[in-house]
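Order of writing sets the chain letters: A, B, C and D. Residues in each chain are counted from 1.
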Amino acid sequence: PPSMVLTTACPDTTGVVAAVAGFLASHNCLITEAQHYDDPISDTSFMRTVFHDNGQGTPPLQQLDEDFARSVAQRFGMRWKFHEARRKCRAVLAVSKHGHCLNSMLHRWSTGTLPIEVVAVVSNHQDMRSLSEWHGVPYHYLPVLDGRKAEQERRIIELFEKVDGELLVLARYMQILTPTACEYFAGRAINIHHSFLPGFKGAKAYHQAHARGVKLIGATAHYVTTDLDEGPIIEQEVARVDHTMTPEELVSIGADLESVVLNRAVKWHAERRVFANGNKTVVLK
Amino acid sequence: PPSMVLTTACPDTTGVVAAVAGFLASHNCLITEAQHYDDPISDTSFMRTVFHDNGQGTPPLQQLDEDFARSVAQRFGMRWKFHEARRKCRAVLAVSKHGHCLNSMLHRWSTGTLPIEVVAVVSNHQDMRSLSEWHGVPYHYLPVLDGRKAEQERRIIELFEKVDGELLVLARYMQILTPTACEYFAGRAINIHHSFLPGFKGAKAYHQAHARGVKLIGATAHYVTTDLDEGPIIEQEVARVDHTMTPEELVSIGADLESVVLNRAVKWHAERRVFANGNKTVVLK
Amino acid sequence: PPSMVLTTACPDTTGVVAAVAGFLASHNCLITEAQHYDDPISDTSFMRTVFHDNGQGTPPLQQLDEDFARSVAQRFGMRWKFHEARRKCRAVLAVSKHGHCLNSMLHRWSTGTLPIEVVAVVSNHQDMRSLSEWHGVPYHYLPVLDGRKAEQERRIIELFEKVDGELLVLARYMQILTPTACEYFAGRAINIHHSFLPGFKGAKAYHQAHARGVKLIGATAHYVTTDLDEGPIIEQEVARVDHTMTPEELVSIGADLESVVLNRAVKWHAERRVFANGNKTVVLK
Amino acid sequence: PPSMVLTTACPDTTGVVAAVAGFLASHNCLITEAQHYDDPISDTSFMRTVFHDNGQGTPPLQQLDEDFARSVAQRFGMRWKFHEARRKCRAVLAVSKHGHCLNSMLHRWSTGTLPIEVVAVVSNHQDMRSLSEWHGVPYHYLPVLDGRKAEQERRIIELFEKVDGELLVLARYMQILTPTACEYFAGRAINIHHSFLPGFKGAKAYHQAHARGVKLIGATAHYVTTDLDEGPIIEQEVARVDHTMTPEELVSIGADLESVVLNRAVKWHAERRVFANGNKTVVLK
């Protein structure tokens, strides 16, 4: 039977796990995976449950949702969502001129190893049109004209709404979003930064790393917020470098890191494993 | 309030999470962490729950246990155990002549970062007496005389029982346990093997690795079974090596790996995160 | 000024480094990088030197080569080769149905981060034609008909010679080369194996890894020899996995590993850093 | 025959490698390892050569040194040093209250896997006296009284000179050295910082990392300079953490990292592999 995922977050109190699991059992759902974490700092209870029909008939999703709202969510002041596991997260990928992240995401999507549906690529340049269209993905060229960024962002948002987007992935998109756009995409936009944050914020991170003489370089995937390079971190990874390497070689090694880290972050988001928790994330694996 | 840990394993069916969580809620327990995993191959449901008194009075452990047996465990055919988080797992450490694992475990235990109580060191050699006794741990010299291993193992088991041992850690103990001892310690003995299993089983693993020219060496912590180096793997780690290194240098780099891997495995076991699942483990982190 | 690379290997004796470096200095070459390693087991001296014209006029490559043969190589019984650093290694990529390694190599080649010239893709299937041709690389479909593998391999060799191939990369090519082909490509064919060798040789490596319950999976790039999965290892890498993952998820995580490891091995080979040394490699980084 | 190590650094020009290797060959030295790196930014040539008597009689070290000074070093404006490989680097270890780095260094030193001679432990606290003395190392308690740090540092320097110290290791020594001491120990003092620099400088690095929600924590070994946490980095390493971990758990995981990283840095320094190069290091491995 097809799996469903239920995610919940609520103030921490007695009986949350019991209420959620009890609700599912009484609706003929067999739980195959459950993770619950109670953050002692924000006093918030996060839970992710995977389940399917136990053979005796789970009600349809909409009814489940209504019942849950009434019988559980209200009582605990819960934010919650039921997801069909097979319905893939609809993603819009934004890119500028560097295609390594885009290429690796399109490849994984096309081979079915990344559980998203790529519904559009948007770019302020034309460079990645050919790659995107070869994969059969519509390419939207939205340049930033004469610094009219707000206007360009409005068109991105229009596109996002038109294609029913759920996630915006900044796959080496080299424009800083305005606060308005950051707010619009809050919790729905993932960026890849080319350093091991909080080290080397801003531009030319590999050149900064080279100048400092670090022995490992890194990449960081995070939710976009108005605070540049300060959003909640979803995933990070590093690779070893040495004194013989030029900044260009760091860029090349880093390209792999960025692809790997961004793919992981997007996968976890799409699998509903990532919860924003203030300026941090809870990732239930 | 002090935390408690409940671990359960049972055949996979509807309502397990609900029953466990419901039981705890109805006994005034606030769940702070819960992980549930349902293995589709063995059709077994594994669960680990951390909780504490919600302020309205959790019954004492023994009553909880009796109630749970009657109202939940029986119904689901469950193996289960309640643990007081602050009561540390009583460990006996076995060692031969190489002290790097012993040294790092004793250091961590003495600084409180390894949640075990080291109640005895046992060895077939005298080399590690001084280190153990400096840490205030009784040292039991039990040599294997004229190949009378069964007799020596009986004395290890006697000691284990006398000190109320819960876990035997083979911290580079260079004797192969007999089937009798393997059976006695089933699920209660962790060994560190000096390779990335299943590569390089048996003796002189680093020399084997050197001869093969691998670029990474590893270490593996696993539960002891009668099948040498085939027991359920708890943890593994690797480190990079290169062509300039001699077998002796691999041994030296490997010593770090072994210590780190063994400490992690023992820590997770002591925190009741590790469940044997056939010839594999489920580690609920 | 353009860089050149000189690689040498000879029986270990006094004066090798002095002779090589002295030769270069007397021919107006400025050494920018030099690594020398003397293997105490095979008693062989390996050396890689990068240099360029010091401004006073290095002779052309052919004359350098002739002078070196006469004045140095003969005396030390040396195998040696001068390479122009900017002349890229001509590579033929072989693939079957899984395109992740091919995709990542073509992407890196096209962005200039992999120092090879991809001159052809050869396959026993049609699946990767579109990807290859999109990158502008000729695709040669050479199926294995009725088990007539020797015949197909002859055609691969003919192609390799026609395109002046220097390196054959088995980028998830799922046919085992015959001894004849292995011999022909000795030291010129790199394979990627989907496990951390020597663990899990042969087919379905990720399924084997899943069944054994390992906590890390790996990939290994090695030179092809007649001994299946036993050739000299060039590079290995691992990634963490856990009990929740299916064999399919291991395959997906492993795909990344394979790409990364194969790219590194091919890059080092193309930069003339890798020396076969019996059944091992010396990699001068 | 016993090995010797020659390290050299000089302005980059034609003939450096030839001159060094030629000198050794003409003095009956067989080179077993040589690494040369020419930094294009500082225009400096760094070289490390390992050699031994080729059987025909290498002159004694002092004569080698004098000959080298006259015939090579002067010509190239070289800093150089000959080291007997078996003569271990004389190290003074400084510690405050946290003993994990000290414990692991003393253990490795005592088992012969760290090529240093621990000649003294110095501390501003009494906590580590027992551990040090158990290992047979004299313990010098030099508290910082009433903020008179300069005076205490003078006593450290006196001790360092009295015991013929060559290297000061700050193994979790929680006092910031004054500029005077930094200058005195320039290139001779290695500190371990408990973060992946340049992230989280200063105190309470793990608490900073916890607050930022990073997914990997790190440790950094660097030469001490007057710029706090800005000295040339010798080695770094990271470990994975997650949202469930408290700052205290990060401290505990970090303790392993710190030990591993510090031991590597000290080993490489003692093997004469590390060259300061402005605010960076060249590590010839």
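Please note the rule applied: a residue touches a chain if its C-beta (ideal position, glycine included) is under 8 Å from a C-beta of that chain, and two chains touch if they have at least 3 such contacts.
Since this is a predicted model, take the numbers as computed values, not measurements.
In summary, the chains found to touch both chain C and chain D are A, B. More than half of the residue-numbered contact pairs at A-D reappear in one of the options C-D, A-B or B-C, namely B-C.
Each chain gets a centre from the mean of its Cα atoms; for chain B and chain D, those two points are 36 Å apart.
Note on chain placement: the centre of chain B and the centre of chain C lie 42 Å apart, centres being C-alpha means. The multi-chain contact residues of chain D, meaning those touching 2 or more other chains, are 33, 37, 242, 244, 285. Shown here, the protein chains touch in all possible pairs. Put simply, chain B touches chain A in their complex at residues 12-22, 24-26, 28-38, 40, 49, 54, 240. In the complex of the two chains, the chain C residues touching chain B come out as 37, 39, 196-200, 212-216, 218, 232-238, 242-244, 277, 279-283.
Across the complex, chain D is touched by residues 33, 99-100, 103-104, 107-108, 111, 113, 134, 242, 244, 252, 255-256, 260, 263, 285 of chain B.
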